[in-house]
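A short worksheet on the structure shown next.
Per-chain numbering from 1; labels A, B, C, D, E and F assigned in written order.
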């Protein structure tokens, strides 16, 4: 690496901490960008040093999505806020059936945060973006006073391109459609909770944080007529199903016994008095497709590493009240309502 | 407005405050989005309620830019964080010569923040977006615990389309090019500082926060061969000139007496021991163009309401050290260096 | 999950349902009160009521400590946190309970009060040890099940000499509440044929304290576990008692409940607490000898003495039927406010706050059976 | 800006430059020390030195209170804030001054210490009044110009009975420093022909205290204003004294300085402070009677007594030429560390921290005249 | 409010009068201050971080058997 | 560190011994604790929120005149 004559003394990436000057727009910020961010984020457009990225997108319809990431703790089993910030937005782009292309990253950092931790986060973000095939083309860094932030917040915005002929939207669910999930439910939220000291429990559960666009690509290759896709993040599976029911003006009937839930997740939820159906996921999706396509779709999902535990969990029904009803494992029947209050603060 | 059956009791937009549940993904969040955000932000794509927006962009090259806004105070003479969040990103898009089209907005809100203030901010953001002709097509809301944020942070990401034949970039400055600014320098930063109680001074100065894309459009219509554009925000004019000099591998020679600075701004800076050339602007731009185009460009700028006080402030020169030198009003000569440390914490 | 999954078995549930249908005599009805909110929650969550013949009816009782706490006690806690600037620790269950003027502990926290949600009394002690310069008040609430952990915390604070710990005590006793309900049964009250007894309470106090129910009121009791099969088996046991004319306390939850209960925990409670002369129960009024406060030897740890606050007398929300629901006289759908405006997001009464409250359980799990199930009247 | 703009006039400047060029005798040189960092800053910022003939040279003096503060005092302040958990208030100038182990007040703040930048001693009082439960320490620094505002704050705190205010006093006196420099002039010291005197100091103490300089050391003094024309006129006044063989104290800054100074402010200082037996000046060593501390009657407001800390003795950075630069013996570019690694972002010595420090002023405004101006040696 | 879950003791920490309990791969520290003689392998009922009581395996088995028996009576004449 | 700026007094607040000063459209509250008899219209030298001294208009004019005079001597034989 050629030394930049503007910065005779290198940043102390081992023991240094963030100062307000690192966000003030001056030379200290230029150095932070040069020696920390650009060390890991090396997309050509970003390296140009403009305040914006210019590119020629492939032909087709585009999707755009943004998500702020405010997770605590910043590092957790199975990921960290860096990889999460990539997956969280890549997945929202992918849920339109799109191939994610470009990512913009905005950091809001707290004074006093260790540079070494920031470097780990940026490195993880860069690795996740590379793995997902998205280019981090532009970014921004702000530093707020100590006590006015929480270490690191990352807002990512993604752009992707949608293949011709694909129209996936939350309002496309139709009565008799089948509802599928791509795998185990609740892992992410429980993995995060297990890191909260005051909850005082331990598990081996890892966050499922992952980029789902390749799974989506193989799903739409098999079933171009997919109706809905959504990642059940905050609010969990239950809330996502309610959103889709509300948006499409339908009801849903699902079966508790068909929902894949790990025994550790179920146990952690029993201990804490939580319901795994309201716990966040970061590497799972809900899909809704015409009934005659359901088994083909399930097979396509199970053939993909991120969908091996996929399952058909229920059907769309007509219901002017837009209820999501569930047949319980016990043989009864009940509503699965929207999340009330906040079950799990600050987990994505 | 048709009452949404999901929310029998309306949000209390007069006395209510944000709670963690408003960011938890459940029904409280759906209600906040429905009754507060969508009341003002009513783009069709946003109202669809998907986690992403799908659109067909016009043909051409696109630009993308993102900025986090962390200003304090949130409301200031001449604007607020809502309008600022639009201008801040619209301008970065416009600085590539682009017409801004779509905006994604990510809120990070602090528990306990008054809903009434949030509504004012969202309304202002919506108004600024409409005025700028950009559609807010997708968004995200997070709520962090009290003491882990600072009221409202807004990260906006914009997309715009660049007319064919235009290539504007910070690395295009060439020796003998002329350097222009579009008007009075330092207004925004001084307006913000005047609101800081502990500084204890008062002025009539208003922030210059404004969307500059129409000014840019008339500039490139007149001078398609524009070389560089940049808005001198954090770090002020001095730092922006240094960035451009560094990026283009040139030096600069500017004249202090040609830089438009209001006497109130100069006075406030004297009182605080600041240099107005390092104070942030939010509605100004720096342009660099070939020498033979400079007077035409100046005329085009002055013909636009946002450029009436434009001025040619100096030239690009050859300099392997990339110094920005300034002839002082006193007749001497000195360096105008990058901003050191942080002159004005948290102003954009 | 051992001792859990077995008691949620669908096949056994179907068979028990058939047995109940077979044994419940068509010529009569069986009005069974589940005293405890934990049972209410299980009944709705697993859909137990739909497995019952129509003449076997569950009546919801007052067995939710959150539901029976008067609004003025929440007001007091908020004043304590704000006026005395203490760190107030409490279980999550209380955070959203409505106080006067649409206040809640959660809103007070959002506005800056130092209110912490804890999972154990040990957490309160940890917080106090970490910040010796701050006063830490534990907002204690619960039946006999939850009282002994408070006792342990008090004894620990005394032993360690923690000067910055005190307890705002709201522990209540179940037998007086049950007696009140049964005593007011009659023309304007509720007719009960049997009681599903609170088994986690009995884990501590044993089954014996309920002997008074058959003896004095002639109503059979089955101490019932909280898994859905426990509830169903207990229901069948009550039906059999009623069919055979027996009237006694039976113990379905033998795996954790004995006649005597946990003597060690009882001794700790006796050491630390004394019975209050009377205490207000929401919906039931002021009941004599129905709650605990700190024993004289521990009065210096009593937050009510250390941080006196004056909460104005509160009025319950007009139109809220919680009082009748808690006594089993009404059901949630009888309340005109149910669903609009009263929902878990905007609870008007405490029965809508706790997930064990009858209104919340019915709203969250059961309302789809209603003819106009969304129950919203705004459209 | 009245009294400012007139004194930055370009035409007058050119004419004065010509007069200086005309009057400065080519056969000799004029080595003039600007005592004050304010002058250093003006000289570089406006490019005054480039308007001078080569034989008129400005020598930078020690007149920057930040530059002469020993590192151990910053160490002490950081310990004060962290060990005693006080709210430490100070002027922005001190926030980035290097302490031991690459610490600064800014870094200590980033790591959680409660350190506030204030703009007036009144701010410290406001902070103290708003949080009576917190101890507020004002880290006072400055020459005689900045001392009276500290005196006012101390008197106000006493009058209002503010028990939570104290002062960590680092006020120093200019005449002893000037005397030391002149006394050490000679073979290993610096030869000075004239002094541009610190006019804002004289606003308070008057011009008379400098009479000792011509009398004892035979060197003329001109009390010089801080605008660039002030500096140039003062320079010409010194040249004329030297050319004509006069040697006296002249006052260029008559618009604000008298012989006597501000007697009211002097009285307040005399009431509140007493002279320390000795005090360390960075670069100049321990100077007798060169600094102030709180008078006995105000000793209870002395933070050094209220919050004793022990700062380990510190060593200045090896290779930093600040001591020589502060005495006028060297210039910034003589220092091997100048520009690499020492820059305002990574100051190794205090002359690079304060914008009035000779190294910082030269780096920020003047380095483009150097042959290899970026001075980076890493490439 | 009276949520209590059965969990198995995997370790007893006698100095602090606490134990580690496990529930299907989840482990947690709890207080043993309310119980006597709890030992590794015992199942205890966990409530707000305390063991309330030990659970009797025999009684649990007996209860399940009784449930099965009660149901069997009904389902003899039932062909699903 | 000794930054001090001349500003004009626009109002005197005698109860608090403070004044409002103005500098080209910027106004600021400062303390008058260090000066005597400062009145509206006076220019004072402002440093860290305190008036250090009043400024003499006549002396300022005299200084400027002297500067002009000193420069004039040199520029008589100077044709720019």
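In this section, a residue touches a chain if its C-beta (ideal position, glycine included) is under 8 Å from a C-beta of that chain, and two chains touch if they have at least 3 such contacts.
Please read these numbers as outputs of a predicted model, since none were measured by experiment.
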Legend entry - Minimum number of chain-to-chain contact steps, chain B to chain C: 1
Inset, instruction - Enumerate, in label order, the chains that touch chain D and chain E alike. - result: A
Legend entry - Set of chains whose contacts include both chain F and chain A: B, D
Legend entry - Comparison of B-D and A-D by number of C-beta pairs in contact, larger one: B-D
Legend entry - Farthest chain relative to chain F (centres taken as mean CA coordinates): E
Inset, instruction - Could you put a whole-Å number on the gap between the CA centroids of chain C and chain E? - result: 22
Inset, instruction - Averaged over CA atoms, how far is the centre of chain E from the centre of chain F? Could you give it in whole Å? - result: 84
Legend entry - For chain A paired with chain C, centre-to-centre distance based on mean C-alpha positions, whole Å: 38
Inset, instruction - Go ahead and note the Å separation of the Cα centroids belonging to chain A and chain E. - result: 37
Inset, instruction - For chain F, jot down the residues that touch at least 2 other chains. - result: 3, 5, 23-24, 49
Inset, instruction - Note the residues in chain D that touch 2 or more other chains, in rising order. - result: 1, 4, 14, 119-120, 123, 345, 374
Legend entry - Residues of chain A engaged with two or more neighbouring chains: 6, 19-21, 27-28, 200, 263, 266-267, 270, 337, 340-341
Inset, instruction - Kindly provide every pair of chains that touch. - result: A-B, A-C, A-D, A-E, B-C, B-D, B-F, C-E, D-F
Inset, instruction - Flag every residue of chain E that touches chain C in the complex, lowest number first. - result: 1-6, 8, 23-24, 31, 33-36, 43, 45, 47-50, 52-57, 59-60, 62-64, 66-68, 70-75, 78, 80
Inset, instruction - Report the residues of chain A in contact with chain C in the complex, numbered from low to high. - result: 198-200, 263, 266-267, 270, 272, 321, 323, 325, 328-335, 337, 340-341
Legend entry - For the chain A and chain D complex, residues of the former touching the latter: 2-3, 5-9, 12, 17-21, 27-28, 31, 111-112, 146
Inset, instruction - Could you pull out which chain A residues touch chain E in their complex? - result: 200-205, 263-264, 266-268, 270-271, 273
Legend entry - Residues of chain D that touch chain B when the two form their complex: 1, 4, 8-10, 13-14, 44-48, 50-51, 96, 118-120, 123, 228, 344-345, 363-368, 373-374
